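Labels A, B, C, D and E are assigned to the chains in the order they are written; within every chain, residues are numbered from 1.
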């Protein structure tokens, strides 16, 4: 098919990218899939990949303060807002899916967001301003008109911390990114309540990038099956 | 039978290369006993042993029949004037002197009264608010003396207690200590390098030679000749000096 | 009377130059924060959220410092003045967390206090996870190994002979400790308190992990810095940081003022080196 | 010869009980980490990435400790032994960052080293932002105020009279410092080195802000803990934490072993309190 | 004209409530000068002043014509035996004694040789590896003496240098110091409480009363009567003692 052709073209390009370097900022949550993608790209094209991982806030500050770098892979498009001045172009990569998670076996029988208002259900969410997942949760619950009825016992500052709260059994339900939910002590509630709030992981080109050729090649590579397989391996859903 | 105040039996102790060897001594109540001896002969170690300072030893030291190490440190009621004074450098002279009374939870007025009495006896009234770091040698020595005396201990151990004093202050101290001894009847064991001082103050005198307590004599008989050549030599060392004067 | 100063030696000049470098560098760092925070400072002072965070920060840092000292002083005493089996090993265990990332300590605390033990505590009314108490515990755990280590070092330096003498004047071990050991380590203890309190004020790794960041409930100044930074609101964030600096300045000033020596404790004060 | 121990007083028993509580609590915290990390430990040891992180951690922590001490010892000397104008103010400035959240210090460093000054440094070949050097600088800045404060306290406790006597025996200020002041603060300095090194090993707030974490380039053990935690891989994360614990244990053991006293420096060693 | 070794002119200093008042004294090269006086009369402060210890004073102290405070501490070449010894407690006796030589970057063999010589003179060979904390009083004193003597200073200041020694060791010390003085010709200024010691050792003797240096006499004329009743009284304090012997 045409996709495999594209991949082959890239192999041909490899000579021209050897010796070049791409400087990428990537959210800490995506360390594993993106690390693998970067490795693959380097293997195929010979382009050096320097990927700085940190949490979104730190990356945003680094981008703004240093004025360096080619790409920013953020957890959601919202995270591009603080750096919108320096983003020239962005492209969505994979779906970032918020889910409702509960303890495995779903002892409280939570089947949807509306069940969060049930008596005795303790919920942990992300901070409504500082974390995208917190914003989503607020939005979803507000849209249902139940935010004030939900017993939110705590707000956490990062997605892994939200998940920790559930996995150590300090609450009954959480709203968190799908890839955060790992291990056997928790499970994702099969509900469509959050489908409307699915975000997309964007790859944003920064205006400090002078390496148009390599950036272009990498952007194309992100579309390749190789990249998509890797994303899927780590629980992300590929767009369309 | 009354137990002697201090009873040392077959006491030996090893400290580094130095050994205090097989000491036997009994000091009765109210007695004043002086220890003479060359520098490094073990006088201080002997006093420390009586105070129950050391952990590993053989033999026994008893105070009024009770092994000293079995009495908790804070209950031994021994007044000790250390050779290097051992003052609390973070406390003023007044606080140093009244330390024991503070521990006994005496009230302020009583502390003040006792301290004034001590200051009077030892003429240290003018330095009460100074810190030990600013004192002169003799002032430190008298502060240490006051700190021990104020508790009116049954047993007073003094390690060269007047060595930093000038002759006239010394003279005054002799009289004061004698007076205190008469009034309160404490037992005194002290170390000195001054033969004259030993004779004036003590009932009996012991001479230390190389970690052994060799001659124990009555004060008046100090210079009596004996078989022990080392003792004769030691006493002569002082005697020579005395005839030169 | 005339005063005399000896000339500065080369070595002294060298040390002063290093000091100046350190001061300049520190000032630049502080300025970088304050300049960003200043324009938002007034606004921050009027914000109820910030005022809450200030109070919570002061409260938790103070309580955790008190707990830290209450645990560390006896422990340091036991480690330096008593003998019990496996003392060296115990000492190492206590100091092991020294190099733990605070994040890990936080996670570890979360695991411990979410266990049955933690649940039992919660039943008894002592809630830790997602609660103010958790902030205090996180700060305590983060500081404890340092504080113990420093106080231990201070106690070690105290002349045990003075303690012995104090004992022979009738003081029990407790009284010896209170009248001799503690006053003689005063400086080190003041320094340690400043350390623990400052670190309590600035800690966020363990705290965020254990109690999260619920606004107006478990939000300290440091969490507020963190949240505002994450929101992209650098100005507000630096305003909170500036408030921490101001608090810090006041406390340094106070401790300096308390810790000053009045009486002349030795003749060295008059000395011309 | 028989040995005698005085009976434990109530106070001593109390301190030992507190110590035991502290030890148990610390052990539980450590176990919570180790138990989670152990199954992944073997795998971690074989990972090239982890081995790189170990080396980088040891390297940066050691270098930053050396820099810290090299700056702090002269500064502490200047603050305690020389007189220059505004000394008290300088001291406060130096200690102000004590309570700064490391995150803020990191941001401040990022701002400073992204400025023209930082750009100039970069031109000269000294890259800080996104570079190993940045890790070292972040650790140094985070530790410096503590280290200065502690060494300053230690120097203050040294009897200046001995320094004077040393001078009158012919020693210059530098020689007095090397032969008297420094050896007499030995214990405090060892303790401070352990603090700085451990904190260097465990620091991530400032480091992440200034250099982020690039695998096989600027990834230390602590950032590895952080990244693994962020991706939800608690096992791998705790494995890295366990490695930090092991390193810590070895270093505590070594410093204990180096710091042991051999000769008998006073009669108190033989004493029965 | 040769400058005197020590020249004190109208020197006054205030320390707390104590005042050293208008001291005038000139000590020529190779002279041995003894200072007597009651405890707390300011003898130690006088010695410290000669060593350039203090920062605030009026008047002047010069060594060979040069104000002492203008000479950097490390270049003053004064040997000082402190009343409380001031040993470096983190160094062994050997390290204490050879400290000055180490500073002068002397080699090991030389240090060893000199230390052995000192050990011989002061009979402290057996304690070379001990630390000051374990020494007896007399051993500390001799270590302090050795540390000062080993540098062969032009001016030797000694504050009650033999106070912790027994008579025979003292006797030995007198002879050794006299010998050293004869060979190296250093100037010696020392404080003592022992009139006999002062007379035996010194060429001239000064008496301190309440911070003033009142009588300066030739050694042989120490007990000569004078107008100053305080001095007579002070000397009598010792005399009384002497006749009692």
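Just so we're on the same page, a residue touches a chain if its C-beta (ideal position, glycine included) is under 8 Å from a C-beta of that chain, and two chains touch if they have at least 3 such contacts.
Computed from a prediction, not measured in an experiment: that's the story for all the values here.
Annotation of chain A and chain D: jointly contacted by C, touch as defined at the top. The minimum number of touch steps linking chain D to chain E comes to 1.
Of all chains, the one whose Cα centroid sits at the greatest distance from that of chain B is A.
Centre-to-centre spacing of chain C and chain D amounts to 15 Å, using the average Cα coordinate of each chain. The distance from the centre of chain B to the centre of chain C, with each centre set as the mean of the Cα atoms, comes to 47 Å. Chain C has its Cα centroid 37 Å from the Cα centroid of chain A. Each chain gets one centre point, the mean of its Cα atoms, and the points for chain B and chain E are 27 Å apart.
Counting only residues that touch two or more partner chains, chain D has 5, 107, 111, 161, 164, 167, 172, 226, 229, 234, 264, 266-268, 271, 273. Multi-chain contact residues of chain A, defined as those touching 2 or more other chains: 55, 61, 158. Chain contacts: chain E has residues 15-16, 53, 73, 134 touching two or more partner chains. Chain pairs that touch one another are A-C, A-D, B-C, B-D, B-E, C-D, C-E, D-E. Chain A makes touch with chain C in their complex at residues 55-57, 60-61, 81-82, 124, 127, 129-131, 152-158, 161, 164-165, 168-170. For chain B in complex with chain E, the touching residues are 15-17, 36-40, 43-44, 83-84, 126-127, 130, 134, 136-139, 142, 159-160, 163-171, 193, 195-196, 200, 233-234, 236-238, 240-242, 244-245.
Across the interface of their complex, chain C is touched by residues 13-16, 48, 52-58, 69, 72-73 of chain E. Across the complex, chain B is touched by residues 161-162, 164-172, 175, 179-180, 183-184, 263-268 of chain C.
Here chain C touches chain A in the complex through residues 107, 110-111, 114, 129-130, 208-209, 211-215, 217-218, 223, 226-232, 234, going by the rule given at the top.
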